Structure formats: C-alpha cells, structure tokens
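For reference, the structure discussed in these notes is given below.
Residue numbering begins at 1 within each chain, and the chains themselves are lettered A, B, C, D and E in the order written.
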Amino acid sequence: SGGAGALTVSMAYMPNLTHAAGLIAVGDGSLRKALAPHTLNVKAFSAGPQLIEALLAGEVDIALVGPSPALNGFVKSRGAALRVIAGASSGGALFVVRPGVTIKAPADLAGKHIATPQRGGTQDIALRFLARGAGLKTADEGGTVSVVPMQPADILTTFQRGQIDGAWLAEPWCTRLIQEAGATVWFDERSKWPGERFATAHVIVATRFLEQHPDLVRAFLRTHVEATQFTVAHPAEAQTLANREIGRITTAALPARVLEAAFRNVDYTWDPLSSSLAVMADHAHQLGFLGEAPPDLRALYDLAPLNEVLREKGLPAVTAGGQP
Amino acid sequence: MSTGRALHLRGVGKTYVSGDRVVQALAPTDLDVAPGEFVCLLGASGCGKSTLLQLVAGLEEPTSGQITVDDVPVAGPSPDRVLLFQDAALFPWLSVEDNVRFGLRQSTRSREEQHRIAQEWIEKVHLLGFEHAWVHQLSGGMRQRAALARALATDPSMLLMDEPFGALDALTRDRLHEELESLWAATRKTVVFVTHNVREAVALGDRVLVLSPRPGRIVGDFRITLPRPRALEDVTVMQQASEIMHVLRRALDAATDDALLEA
Amino acid sequence: MEIPTQTLAAPAALHVPQAAARPLRLTRPWHSVHARRALFFGALLVVWELVSRYGPWPDYLMPGPIEVSQAVADGIRSGLFVRGAVVSLLRLVFGYGISLVGGVVLGALLVRFRVLSDTVGSLIVGLQALPSVCWLPLAILWFGLNERAIIFVVVMGSLFSIVLGVRDGIANTSPIFVKAARNLGSTGVRLYTDVVLPAAFPTILGGLRQGWAFAWRSLMAAELLYFSLSLGNLLQTGRDLNDAAQVMAVMTLIIFIGVTFNFLLFTPLERRVSERWGFGTTSA
Amino acid sequence: MEIPTQTLAAPAALHVPQAAARPLRLTRPWHSVHARRALFFGALLVVWELVSRYGPWPDYLMPGPIEVSQAVADGIRSGLFVRGAVVSLLRLVFGYGISLVGGVVLGALLVRFRVLSDTVGSLIVGLQALPSVCWLPLAILWFGLNERAIIFVVVMGSLFSIVLGVRDGIANTSPIFVKAARNLGSTGVRLYTDVVLPAAFPTILGGLRQGWAFAWRSLMAAELLYFSLSLGNLLQTGRDLNDAAQVMAVMTLIIFIGVTFNFLLFTPLERRVSERWGFGTTSA
Amino acid sequence: MSTGRALHLRGVGKTYVSGDRVVQALAPTDLDVAPGEFVCLLGASGCGKSTLLQLVAGLEEPTSGQITVDDVPVAGPSPDRVLLFQDAALFPWLSVEDNVRFGLRQSTRSREEQHRIAQEWIEKVHLLGFEHAWVHQLSGGMRQRAALARALATDPSMLLMDEPFGALDALTRDRLHEELESLWAATRKTVVFVTHNVREAVALGDRVLVLSPRPGRIVGDFRITLPRPRALEDVTVMQQASEIMHVLRRALDAATDDALLEA
C-alpha cells in the first residue's frame, strides 16, 4: 500500500496447486490489469505461517492461504488483523499408506507412524481427531499413534525409507507419494465432508486494507472469480498456466504426470465453505490448539465484496454460516 | 632534545594481591631524583626493581604513596617517561624498523623524518641490515637493542631502563654505554637505570641506589663523583663497585625470605 | 616481615582513579558485577515492555516481557517446557560431547599432519558454511528417524567450529613451548595433552564456546525433523501457530540456558586461564 | 661474505628426516600441496560415486558426483545458479561487512568497558545460541519484506561470533604489548588500531572465519523468507522436489564458494600472521 | 646421577631462509667436546650461539653437517640433552612447582619422589615460598631460576645453558655458580654454557670458545687449567679473561656486518 495517488498492492500466495486461481490471475496479467493504475507487488511464500507473519507485520495486503494459518492469524490478532473474503479451492488432501502396511480403519492407526505436513495444520488436526474418535491416543498424549509433523519433502524420503507408515497431506505430495513411493490411498479427504467439499485455500485480506480500499478488494475478487471460472472451464490450459507460474517462482515446474493427477484431486471454488472451517476450528479447539476460549469466527468472514462481485456477474451469492 | 625532569616518590609501595597470594614487592619508599640525574638501581633478584620502574612509568598503580614528576602526580603512562622493559616487549607484528618508528608515529613528525630518525637509531644499536626482519628472527641481544632504539627514538625527558644491556656481549655493551652517556651528556635526561652489574652502575650513574631483598627498601645511596667518561675496567670504578657490593651482600645476608604471607 | 597496614587497608586502593585509557580489566568486587547485570537486564525488560505497549507494532506481533513470562509460566506449569528442555539438553550434551572429543582430536591431527590439513582441512572450511538443515536429509537417509539422526545434525553443526578453533589455537601457539617440552622428554600424545593443548587453551576456549552455541542452533534445526516433545519443536509449533509469545518464550528459555551454561562452564574456565596467564591483570 | 654453496644447494636440506614427533608445520613446496589436495578430492569423489552406486541407498536418495555435477552443469547452463549465487553473494558480502565492522567495534568496547562486558557481553552468549530462523519474524516486523530484512538476519547470525572472537582475542592478549604501547604514547582509538587489534589478530582471525561461515548459514535461513532467486531458494526447491541431485549441487556450490573465499581471504592473512609472529616456523 | 657424553660437530652450519631473507647464523663449524667437559661459548650478540645450542639440542635442523653425541647422530630432542632457553620458556599454565616437575613427570618416578626432587631444586634456586606462584607473577631473575630448576631436576647427561645467569644479581649468581660447579664436580655432566660475562666463562669452564660475529665461526679455543673453585674476582681469572677479551675484540673489529644477503 502507499500514499496518495498510485498505490502498491502487496499480494502473497504460495506456489501450490491449491492456489491455482491466484497463480493464473497473476500469470496471465489479468490481476495487474484489473488493479491498474496501481502497482501489484507479488510475493511468493513457502509456508502459510510465514505468509501470515508478513501480513500481520503489515507487509501483505491480500493473499491466498490455507485455512489453518488464516484461522491462526485471526485468532492471534484477536480478530483484528484479517478477514476471509472468498474461497479458492476445496479438496486436494489424501490419506496415503505405504505399500505393505494395512490401514483400513481408524483402529488400524494404533502403533503406526503417520506423517502430517504441519503441527496444528489442517491434516494434523484432522488426524488427531480421527484417532481420538477411534478411542486412540497420540504418542505425545502417551498413546500409540505417532503423529509426525514434518516437511513434505522429508515425508517422501522417510516414506521411501519405510520409516513412515502413512501420511495425510495435500497435493501434489499425495500424488508424488503414490507415483514415486508406490503409496496406496486409504481415503480422499473429500469423502469425509458433506458434499465432498471443504476449504483448502482462502482469499484473505488485511482488515486495514479492506477498510481503506474496498474498490481494490472488489477488483481483486473480480479477477479471482474469473480465474476460478477459467480453471474450472479449461482445466488443461489452467494446469499449464499454473504450472508455468510454479516453475517461474520455484525454478522447477511439476512433472506432467504429477500435475495431471494432482489437479484432478482439487476443486476450485470461490465459496469459502465456511461450515467446514467451523468444524476444523472446533476440532482444533477441542485438541487445545486455538487457546482457551472457543474462537469466535463470526467476524472472520466479510463476504460482502465477493457477493457484490457475484451479483455484478449474475452469479449466486455465498454465505458464511448463514450470514451473507 | 628533551631535558630531564625531577622525580619524587613519597611512601610509594606496592603489594600484589591475587587470590590468596599476597606479595609485598616494594616497601613504602621515599626517593628524590633531581632533573638530569642518572640514577642506577641495584638489588637482589625479585626485590622490586622492575616494579618500581613500572610504577614510575605509570603502568602500575602504587598500593600506597604518591609519585610526582616535576611536581605533577603521575596518573598513567606518558611518552615523556619511557620504560625500556626487561623483556624487550617488541611488537611481533611489526618489522624492526616499524617497531623503532612506533613511538615516533604517535607524534606529528613527517614520514620522512620518522624514517630518518629510525634509521639513525637502528644504526646506533648496530642493527643495520635487520630493518625489515621480524622480531622472532632476532637473537636475544638484538631484541634488546631494537627495544633500546625504539625507546630512545622518542626522545623522552625521562628514561626508565630495566636491565637494558643484560643480554649483550661486553663489546656491544661498551659501545652502547658510550652512546648512552654521550646522549645523556648532551640532553641531561633524567635516567633511572636498573642493572645487576655493579661496575656498570658505577660507570654510568651519578648515584647508585641499593635495594634490600623483597620487599625492596632503599638501603644504600651512593653518590658517584668520579670524572666521566668512566670505563668498566677503571680501578676507581672497581673500588667503588666493591664497596657497594659489600653493602649489597650485607643486605642480602640480613634478609630472610619472609615477605610472602599466605593469607 | 609485617606488611604495612596502609597497603592492605582498603581494597579500594586497588581502584585506579586516573582518566588515562585503561583497556584491560580490573578485578572488581563481586556484588557490583551482579548489581550491574541485574540493572541492565531490568532496564532491558522495561524498554522491551514499553516498545511492546507503545511501539508501532501490535502486541500480538511484539509481545512484551509480561506476556512472554506468562507464556513461560504456562509452559512450565503444563510441564511442556521442562520436559522439552530436558530432552533437548540431553541431546545437546551428548552431541556436543561427541563434537568436543572429535573436534579436539581432529583439530590436533590437522596441525600434526600436514597432509590432513591440506585436504580435510580445506574441506572443513566449506562444510562449516552449510546450514544445519542441509544435513537433515542425509541424517534421515543414513540413520532413519531416530535420536541418532538428531545427534548427527548437532555434531555436524558444532564439530567444524571446534575443529577449526582447536586447529587455529594450536597453529598460533608460540613454538617455544613445544620446543621446551620436547626438550624435557615430552612426546607423542602426552606432548599434546600436557603442552600443545594447554598452551593453545586460551584460544581454543573461544572455539569451544562457539561450538556450544552452534550445537544449540543445529539442535533446533534437527528437532524440526519430526515431532517429539523438545524445545525445537515447541519453537516450531509457536511459529506454525503464529504464536509470537510462545516463540519468544522458547527463545528466552534458549537464551537462559545458554547464559547459564556459559556461567557454569566457560566463565570459570576463562577466569582460570586469565589468572594463570596473567591476562588482563594489569590495572593500567 | 659468501654463503657456502652447500647450505643453499637443495631445498631438500630443509626437510627433516627423523622419526621424532614434529607437531608443527614445515614449509613445503607449493606443487606438492596442490597435488595432494587434488588427489584427496579425487579419491573422495570416487568413494562417493561408489557409495552412490553400490551403497545400500537408492541413487535418487544418494546421487553420485557424476549426477551432481550434471545438476551443477544444468544449473549453470540455465543461468539459475550463477544468478542465484550472485544474489546470495552480494547479500553475504554486505551483511558480513556490517558484522565485521560492528563486531570488531563491539568486541573492543566489551573489553574496554567492563560495564558492557558484564551486561551486553553475557547477553550475547545467549543470543548466539538462537537459531537464525528466530530472527526472521523480527526482521519482517522491523524492516518489512525486503533486502534489509535478509541482511538483518545475516548480521544477527554472524555478528555475535565475531564480537566474541574479537573479545576473546583481545582479552587473551598479553598485557605487555598494551603497556609498551601506552608507554610510547599510544592512546585512544589508535591504541586499538595500532596495538590491541594487531596483537589479538591471530586469535581474532579464527572468529572472523567462523563469522563468515555463519553468515552463510543465516543467509540460507533468511532466503527462505520468500521466493526470489537465490541459493537458499534453490536449496529449498531441491528439498521440496526431493531432488537430491539439486540439493547436493547447491551444497557443492556453497562449499566451493566457501573454500574459495577461504583461500582468497583468510589463507593469505593466516600466512602473513605466521610469517610475522613466527608460528609454526620451527622445523623440529 | 647422569654423567657426561662426548659431543662432536662436523661442518655444522645453519642458514635461516624466510621469504627473501637469507641469514647465515652459523658458518660450518667443527667442534669436539669430551665427556664431562665444561665448555663456555662467548661471542657477539647475534653471532649464532643460541642457534648452536638449539642445533645440539635437536630442536633445529642444521643446514649442513652432522652432530653426534657419543657417536650417535642427533635426530631430534632428547631429555638427556637439556637446553636452558635464553628466555626461560616456562609454561604459563603451570605453577612454579609443576614447571619444575614437568621433566620429572615424563619419567617413571613416583609422585612423592617427583615432589621431593622438585622441592629440592626450588630450594637450591632460592624460590621457596613461590612453589604455587604463576609464571607471570615472577620477576625476570626468578623466571630464569625456575627454568634452571626445571632443567636440572631432570638430571640430563648433557646441559646446554643459554645465558642462564644473565638476569641475576651478583650474589644470587655467585651462589648458583657454586651449586652448578658442585653438581658438575659430582656428576661430570657435559656442559655447554653460553654467556656474555668473560670472567664467568673463565671461572666455570674447562674450555672457553670464542665465536666470530655473524656468521659464527670458532675463532678462539682456550683451555682453562686454573684450580677450582675459582671466584670471579680471582686475579688469575681476571687475567685469563682479559686475554680472551682481547681475542673477542679483535674478532668483532675484523667483522663487517655483511652476512645479510638480500636474495
């Protein structure tokens, strides 16, 4: 953001498939055009918490990010720092099992080492909750299920070395585990949710930016909705475009095989799927992750700008927990 | 060239305390040195001679008493009172020439003048050809000579010399005696000179002080009035020396090494 | 002989009042050091609290000492901090121990055998520049997901500092001591333990302390390897949850343990060295 | 006087044939050092290749030198490695430069002012134990998402090593040099630049080299802040892709740059020091 | 107690080469010392005396020639040939007593015996009360005495002494002369003794060798047959000394400092 006249809008995302809409909007130049005459400053982060950190520090105005970092940032700032203003994707997380290991029911988790990408992250919480539901305790509670949060790259290595029995994680890592380490799928996380839909990426905005520049937020959302539509309508082109961006940012694009398979496991939507986030927040809170009091999520969403954009485009409005 | 200053010590003593060791190195001492006087200090090994010089140089703090130079209390070192350390204390990271120039560089002299003065002194201490040698490449005596050049080059008004010729052969020492004496004659610097060679003390000094063994106290004060220049082999020098030697011996025999208290 | 009373009367007599430059340390009364230190850390805390409250940053990004000590207290009450610290400390001591022994031996060998210095020595300088996280994949590969992998990363993180510290210490020691010792019949390993290492010890000590610090750093990196309660993990959890208070609480704990070990281990050694060698004993 | 020919005839005469312990270095002919080093690194590569091929690990986890050099070549050809290295090196040199100046000044101040040593000094020992990543959040907070934040992390990672190296170097220097210098009229800042630092330099040098290594480490941590072409990013990308060859290629690059800088910067300084002080010149 | 060995030097020379500095410290020299002989070395500062002792001690390698002890070539240091360094070279991390015990600890003696021998020597060099002092707490002369005790405690059959009494006052030196002479009379160790004091050389030595200025060559070899014990003040000692002084002076005057070649 800047002073009078032309601003610099700082946008952040991660070079992940679940952020494809953002990658595409940046990659094809439409976002830049939509924000003109203001400048767009894009930062790509490698992890959600760091992105949130930057947003809290006032270095990011608008971003695509996973639900649990967004929730953390919201709770940690006591609801002050950010708002969820749209969804970005759903699905894209699988529970995969190492060849030779049998995990077919939650009870089978006993005595197993299961990797998740991040302690307190979406899958980490879900796994702990799953174990609890089956009457099992995790190792750190003195039980038998070892939940092992580690970097996805290390999950692949340990999987290949036979030191991990299963992993619950996001794309494209599930696909890589399947293709490169012969993993089998126990379940696709979509099967656990009503309507097979649950939030995996959101659009968030710094509250201050939302208040000062609602027009820019709407312009952003307009492009976001268009990019999402494009992704749904033209998956092949979208894949290519998104992958080109990933390659540009990280210097290494995904191999075609991984890209195709992983892309199929993700759904793109601007609906923030707020009910799924409420469930996650509830689970996280029950597991002691979000502080003493249950988080008050009512203020988390501000879907008015999105609904305005949707109305312009003649699309149905979305709601957050019954509120528009 | 700088000329000498008056030195006064009033009840100056030094006791080293470290952990539970307490060593009284110098008993409270009174001493008056006139401007331009050449005073030699004699005394048993460990009796506090080096300590005395360090106190006068302002490099150590007396435990008691006060030192004044021209009635100004000594409150730290000054380039006007240069101490020639017993163990040379040359800077290993500097060449011989740069060591000699070190004191000069603290002044406002031009580089050329510094160079000229340094060369002059290097020649006087017979180290020509070793200007660019490092300290570790010098023999023991060469180090002493380099340190001498470094101290004298700064032209202080008071020279504090701690066994400066101890590691020199007789002939080199004789030559440096001549140099020192003619320098002193020309400038009348105040000199306090520690030596173990009684004849050297007699040959060089206006006065010879004898210290008792640890803790040092002045137990003899001899005024030498023999005509200068004096040679170490002069019979009169030898006579005076043996007289002083007698006092020294008595002091040593009387002493018992009881200055060390285990606290 | 009696020591005249005035020379022993007041330790204040050792104090040097003059304005002249005094670059080397005085021995000061014990209590004033502690008072000064307490004052300093107290002032630091106050400034921190003020910045946290009235600074330009929201307090959830820049929590003050009160909030952080709250987090420390919570961590200690829940037992997490204590158990985590114990786990980490054990690993640290173990890994550092290995680095210490290996570093001293390797450092001495590097000086002793020119061949090693020309080859392994030049490699070590490069290896030292590798961030600890680089060793993680290899550790998993070679040792699997277990304590050994963590210890390996700790060793890799601190070993090279110690090796180079020992090597430099020995190489920059005046050869006169070795000459004197060999002259008196000291040879082989005893020449090292009796002379080379003690002579180099004042310099080596710095390397050992740095090695200790880098063992810490690498441990933190290694403990991100997988979840089991440890300080590194608590730190990472704090980061993942954007919980600045917890991050700072763990940082405080790390600093506290670091400072404590320094006082218990290294400060006495340093004091011993300066006492023996006479470093900084001049009052001038 | 003429030097008898036999004394200068063969440099081999300087070689010491006896079996007696010889802990200190000989000056050896230049070429043999290089030959030995080449041989060592050659052998290392061969062993690595063999382990990679016939070792118990699949080669995608443990690529050999051939594959890694392939990756290096690819990286260089694509321009990524060169551009990344340039970006990282600039940050490194800049950050290290700040640490160097700040470290020397702060280290000297710590020795000079006992108050500082008692307070800031004891804090630094603890701060040094903090992993570089801990500084990231503060860096973003204070400097924003920009080069300054990265430089800050680099400085925090290397400054304390240098401060402590300088402090220890000065504190463990024989006070006789300072006495001699003050005696000759050296005071104030010149006393430091002319005497205290040169006298302590042999020891300080080790701290400077360690500081350099830790500047590297912290830079790698800082470059994970966000994506922008740099060695740290290339390393992380390699890890994310489980591309062991790329990880090792970047590691090789880091080691290579580390070793090169050591040869260009530190080795000549070390040689100078030993020549002047006479360290390790004894042939015995 | 160890008794002396025969020492032979054949064409032993030493040239220091460092960078572009080439210094010939010792010209190729022949020397034969009989078992139990007490040989004193005199020579100008920097003429290669310390270098010669280091070569015999096996701490430096000659550039030319060979050194044998009892017909065995010298190939490194041995505790049987102890060198007393010009600058003491005490270990600063050890107390005075531990320094003196250092050589003893290399042997198989019991701790009690080590302690007893160390105490004995500390007493002989008049350092009682300073057993637990650190090296930096000693005066220059006290350091020399501690180093002397350390060297003699190991009872070597050959003693190489580099100006061991240079920093001592006359009385302490006289006492240590007596100690050394009686030790030597009892054990007939071979002694090579460097000094700048010609009378000391005459008083102690069976032979006095005079070296020319750098590069050192033996230019005088005097056999001293005066009855022992001899005092420094004996007239006969003084006479012999002045004779040797004459040779020394001639050697020095003849020399020009041209040994330094810029390569």
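Simple rule for what comes next: a contact is a pair of C-beta atoms (placed from the backbone, for glycine too) under 8 Å apart; a residue touches a chain by one contact, two chains touch by 3 or more.
Bear in mind the structure is a predicted one, so any value in this text is a computation, not a measurement.
Novice: Quick one: how many steps at least from chain A to chain E, stepping chain to touching chain?
Specialist: 2
Novice: Determine which two chains are connected by the greatest number of contacting C-beta pairs.
Specialist: Comparing chain pairs, contacts are most numerous for C-D.
Novice: Determine the centre-to-centre distance between chain D and chain E, using the mean Cα coordinates as centres, and give it in whole Å.
Specialist: 44
Novice: Once you find the CA centre of chain A and the CA centre of chain C, what distance in Å lies between them?
Specialist: That gives a centre separation of 41 Å.
Novice: Just how far, in Å, is the C-alpha centre of chain D from the one of chain C?
Specialist: Between these chains, centre-to-centre, one finds 18 Å.
Novice: How many Å are there between the centre of chain B and the centre of chain E, using C-alpha atoms for each centre?
Specialist: 26
Novice: Please output the residue numbers of chain E that touch at least 2 other chains, ranges allowed.
Specialist: Residue numbers touching two or more other chains: 18, 59, 76-77, 87, 137.
Novice: For chain C, give me the residues that contact two or more of the other chains.
Specialist: Within chain C, the residues that touch at least two other chains are 20-21, 57, 61, 137, 141, 179, 182, 239, 244, 273, 275, 277-278, 281-282, 284.
Novice: Give the residues of chain A that touch two or more other chains, as numbers and ranges in rising order.
Specialist: Touching at least two other chains: 53, 57, 151, 153, 157, 161.
Novice: Under the definition above, what is the set of chain C residues touching chain E in their complex?
Specialist: 176-177, 179-186, 190, 194-195, 198-199, 201, 273, 275-278, 281
Novice: Considering only the defined contacts, which chain A positions touch chain D in the complex?
Specialist: Result: residues 10, 12, 15, 43-46, 50, 53-54, 57-60, 151-153, 156-157, 160-161, 176, 180, 249-252 of chain A touch chain D.
Novice: Applying the document's contact rule, which stretches of chain D touch chain C when the two form their complex?
Specialist: On the chain D side, the touching residues are 20-21, 23-26, 28, 33, 36-37, 39-41, 44, 57, 61-62, 111-112, 114-115, 117-120, 122-123, 125-134, 137, 141, 160-161, 164-165, 168-175, 178-179, 182, 187-188, 191-192, 196, 202-203, 205-207, 209-210, 212-214, 216-217, 220-221, 235, 239, 244, 247, 251, 254-259, 262-263, 266, 270, 273-274, 277-282, 284.
Novice: Could you please specify the touching residues of chain E with respect to chain B in the complex?
Specialist: 16, 18, 21, 23, 42-46, 49-50, 86-87, 126, 128-130, 132-133, 137-142, 145, 163, 166-173, 196-198, 245, 248-249, 252, 257, 260
Novice: Which of the residues in chain A end up touching chain C in this complex?
Specialist: It comes out as residues 49, 52-53, 56-57, 69, 72-73, 76-78, 80-81, 113, 118-121, 139-140, 147-151, 153-154, 157-158, 161, 163-164, 289.
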